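In the two assemblies presented below, subunit A is common to both, partnered first by subunit B and then by subunit C.
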Partner chain A sequence: IKDKLVEYFRTQVRQDPEVPSAVAAIRTLLEFLKRDQTGETILGLRENLTQTIRRLEEADSSVAVSSGGELFLRFISLTSLEHPDLSQCKKVMVERGELFLKKISLSRSKVAKLCHTFIKDGAKILTHSSSRVVLKVLESAAADKKRFTVYVTESQPDSAGRQMADKLQNLNIPVTVVLDAAVGYIMEKVDLVIVGAEGVVESGGIINKIGTYQLAVCSKAHNKPFYVVAESFKFVRLYPLNQQDVPERFKYKADTLKAVEDLAEEHPMIDYTPPSLITLLFTDLGVLTPSAVSDELIKLYL
Partner chain B sequence: SSILHIAAVVVSGTSVVVYMYTWCLSSSIHISAVVVSMFSTIICGFLFLLVVKRLPEHVQVDDPAVVKRLAKKLERQQIPLRSDYGYKVSLFSHLHQYSRKAPLTQQLSIPSTVIHPSIVRLGLQYSQGIVAGSNARSVALLHAFKQVIRDYTTPPNEELSRDLVNKLKPYISFLNQCRPLSASMGNAIKYIKKEISNIPSQCKEEEAKTKLLTCIDRYIEEKIVLAAKAISKYAIEKISDGDVILVYGCSSLVNNILCEAFEKSRKFRVIVVDSRPRLEGREALRRLVQRGISCTYVLISALSYILPEVSKVFLGAHALLANGYVMSRVGTSQIALVARTFNVPVLVCCETYKFCEKVQTDSFVSNELDDPDDLMVTRKGKTQLENWQDVSSLGLLNLVYDVTPPDFVDLVITDLGMIPCTSVPVVLRVKNLDQ
Partner chain C sequence: MPGADKEADLTERIEAFLADLKRGGCGTGPIRGSGETARETTALLRKVTAQARWSSAGDLMEIIRKEGRRMTAAQPSETTVGNMVLRVLKIIREEYARSRGSSEETDQQESLHKLQHFVHLKANVIEAINELLTELDGTTDNIAMQALEHIHSNEVIMTVGRSRTVEAFLKDAARKRKFHVIVAECAPFCQGHEMATNLSKASIETTVIADAAIFAVMSRVNKVIIGTQTVLANGGLRAVNGTHTVALAARHHSTPLIVCAPMFKLSPQFPNEEDTFHKFVSPHEVLPFTEGEILSKVNVHCPVFDYVPPELITLFISNIGGNAPSYIYRLMSELYHPEDHDL
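Moving on, here comes the complex of A and B:
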């Protein structure tokens, strides 16, 4: 049954490439909850859900899947599950799950609405790799009749930046692709930097595609504002102290983790940007400073 | 302050009377408007004085009025006043400076009628430095209070909930005179006072006493022992194999964490940094080496030499202030500063019962001055500073605490989890909601 769920997850992602991977994971978990017949107790149900999250993490090792899954679990078990009948409880949990899903499907547009006002007319924006949230933000800014140019870093090893550039060209936004190594060169020309995030950690820092950290350091050196756009389901209960402290299971793609023996040979796909380099975070909970992220997490989890 | 309150009531009362009189007398609206505004401001001013809660006063030894008030309060409670010793450096002249050779107990009559003997013993242990360290002092205080409660009998026509609190007040003043109270002790005392005043009046004395004793035991168990276990659990996640960990002085919590991590077979080595005159690092070194952890010992002057080898710094805290500043043993902020320059992560470990509502941005306004004679050292039979009191332009400064800003601290590990330093007010808010 676990393999069927992974298949379901993969089809979700294939059918709608716009959907965040966390949302796909949560849909899968909801399906599992609806179909599951083996759970006898609530504790057993939670165990099964946790195991399913583990299996999904093995399929797609991004931080968002793990954070989305944990938040889903937390949200549905927040109600008083005191009904003596297990199927009653399950119904309540499924209802809450649907509610959660509906809320977070709207989060991307909420973020875009908050952020596009920070883009002024004639602005030059620098972004990193391909992020669907940043795309949405730029889309709504363009729809607001603002004129701006975008520089995108190529973002090796998978050249995701080029795909971003194609999508922006389709929206008629003037875009230039720059090398990852040209970030320092281009920094004096840009006005602001906007990046997405795969995960937002407790300290207020972010985990994102490799290359984000040096982008942040450069923008700090040039005193350019560094904005991060992320939905609230990406908040994760990690607290890395430095690059080494990020757990291995997030650093590499899922297939690499399974195939390769010695991970020291592999190149990591993500890096950690500390909160001191970030100016503001745009989330569906509002515009937050990095120190406010911990307050929000305490409210969510404690 | 009570005189001020009485004066405020009298003046506001008279102003109300005069206002009514003038209003009745005045014929023209113009005059009455002026009179109304004048008197209403006076009334508001004095009512404000009545209503607004005065903040607890900082220690102000250089203000003679404050010292006189303190002397009067101690006289009322029949506790001797401890006199200051030696020349004080001008920046710190607002703090007390006592000599260890003149403990307060010498001025007490033996046996003391006012103060319980276990409190007298505790006061002596504090002032001579036999019981030192934030957790140790709090636990010793709570045990002494347990003994006080056991020996207490309610006098006739009195209620336990009110009388016991009044009995504790002179003890607290006495302990404060022996050695200024720490933030953790302050929180513990607040908790006990709250528990005592919550005892219902119909509760029998024996029952009330057992209830209080179990409350105190639970407080120690939850806030200190279990908190230490929870903090070790989180902290061990942050210790990886091959780490070189730097610790400063002797923090019971940090030593606990390192010993637990060693039990769980993490491979790391420790560098213990020490400083004069307390040389507390030697105690930490002894405890760690006994467990078999490989340690290095340096003095704080060698800090920038040793820091390139270090991968993490673990610090204990005396208190965490409401604006995110960490109050700890003097030298801690220096270590945090140099570690930040070398990009070494700094982790502070602190239980939540040490969180305090105070706000401080520097180490001057509220600190503790230890005995200046401790700074004298005898080498080869000669003590250079022996007659330091005779030199009029010489002052010896022996500070106990300093304050580290939150930008130098990367992570605070508490029993609630790992939080950044700026989230301390959120935790305080959550705690106040719980209470």
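Moving on, here comes the complex of A and C:
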């Protein structure tokens, strides 16, 4: 039954490439909750859900799936489930699950609405790799009749930056792809840097595609604002102090983790950017300074 | 009818206030300080609560929001007006929640529009606004009381232009300690001169310097204490022209920069939009109209405000105590409700 769920998850992602992987994971969990017959007690249900989250993490090792899954679990189970009947409780949990799903589907538009006012007319923006949230922000700014140009880093090893450039060209936004190594060279020309995040950690720092840390250090050296756009389900309960502290299960793709014996030979796919390099974070909870993130995170997880 | 008279009186007062706002704060510096503006706004909002016709908390909030929008449109750079409106809105939400006895956030949105304990709510809101007014009256004294902890004997303090809060702060410290103050004159309005005169009347040794000399003198300064027009949501400042220079010079010499700002100056705005951010006044102060020949060939600007980023600030002293700039987000969430941020 676990394999069927992973299949369901993969179909969700395939059908709608715009949907964040965490949303697809949560839909899968909700489906599981509806179909699950084996849970006899609430604790049993929770156990099953936790195990499903583990299986999904094995399928897609991004941070958002892990944090989204945990937040979903907390949201539906930390309510007063006082009904003596298990099916009643399950119904309440499913209802709350639907509510959670609805809330987070709207989060991307909320973030875009907050952020696009920070893009001024004639601005030159630098972004890293391919992020659907950044795309949405740039879309709203373009819809607001602002004129701006975008530089995208190529972002090896998977050249995700080129896909981003194609999507931006379809929106009629002038875009240039630059080498990852050319970030220092191009930094003097740009006005601001906007990146997405795969995860936002407790310190206010972010976990994102490899190369983000470099970008942040460069923008700090040139005094350019470094903005991060992320939905609130990406807030994760980690506190890395340096690059080594990020858990291995997030650093590499799921297939690599299963196939390879000695991870020291592999190139990591993500890096950690400390909060001192970030100017502001735009989330659906509002515009936050990095020091405000831990407060909001605790409120989410409580 | 007495009711209609009261309403006409209220609208008249509001119109007078708006006209005054439009005129105030231009030319040779602000005609009224921000403290008075805050007090006037709050008193006016109290009158609106007492006299306007409303039947539920939601109605009252709509009325206040409408008046608030008109007031902020009259003078967008005077953020204290908007801040007071947001404080009153938060007060209404709190009183409403207290009278209902619950704190369920999601219910509040719909039920605010229901008819609930109308009479008690009105009295409670007016009482809370009175408390706010008392708080506003005491802000300068509260800040000045903290002066002795920060200023020590034989120190050299630098300040910019004229701020009533900093003046009271320094005068309070001068009663028990001897120190030296250097005032940057802050061209083109040169309010620093007035500040220096007031300080020397309180027997504080004062020196006035030109703005160009700020960096040169900074190596001998122990602390920089400044006032500001607004504190922004990211912990940055919108302060008088020349403050950014002082802040950068202080950072270069690792001199602590202390900002004395009462809580009503805290605004939920972020420094993003340049057009609403800045205020320009007549360039006559920079280049007088008598220099006719040059005027046609040159663009002259006279901006009033400066943006100071939060990294350059060491400490904020407000009427509720001292805080780091990274803590501003917390103070904001206590003063204002996030739903109200966009009036």
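Assume the second predicted complex is superposed on the first by the 301 of 302 C-alpha atoms of A that agree within 3 Å, B and C clash if a C-alpha of one lies under 4 Å from a C-alpha of the other, contacts with A are read in each partner's own complex, and residues count from 1 in each chain.
Methods note: contacts are C-beta pairs under 8 Å (C-beta built on N, C-alpha and C of every residue); 3 or more make two chains touch, one makes a residue touch a chain.
Computed from a predicted model, the values in this text were never measured in an experiment.
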Simultaneous placement of subunit C and subunit B on subunit A, clash or fit: fit
Subunit B versus subunit C as contact partner of A:286, first or second or both or neither: second
Apex subunit A: angle to the C-alpha centres of subunit B and subunit C, given in degrees as a multiple of 10: 50
Partner chain(s) touched by A:120 [first = subunit B, second = subunit C, both, neither]: second
Partner chain(s) touched by A:295 [first = subunit B, second = subunit C, both, neither]: both
First, second, both or neither for A:202, with subunit B first and subunit C second: first
Touched partner set for A:109, first subunit B, second subunit C, both or neither: neither
Minimum C-alpha spacing, chains overlaid - subunit B and subunit C, in Å: 6
Common interface positions of subunit A, toward subunit B and toward subunit C: 291, 295
Subunit C to subunit A touching residues, read off their complex: 233-235, 270, 272-274, 310, 326-330, 333, 338, 341
Residue ranges of subunit B touching subunit A (in the complex, touch as defined): 238, 240, 312, 343, 345, 347, 407, 410-411, 416-420, 422-423, 426-427, 430
Subunit A to subunit B touching residues, read off their complex: 202-204, 239, 241-242, 244-245, 275-276, 291, 294-295, 298, 302
Complex contacts: residues of subunit A adjacent to subunit C: 117-118, 120, 279-280, 286-289, 291-292, 295
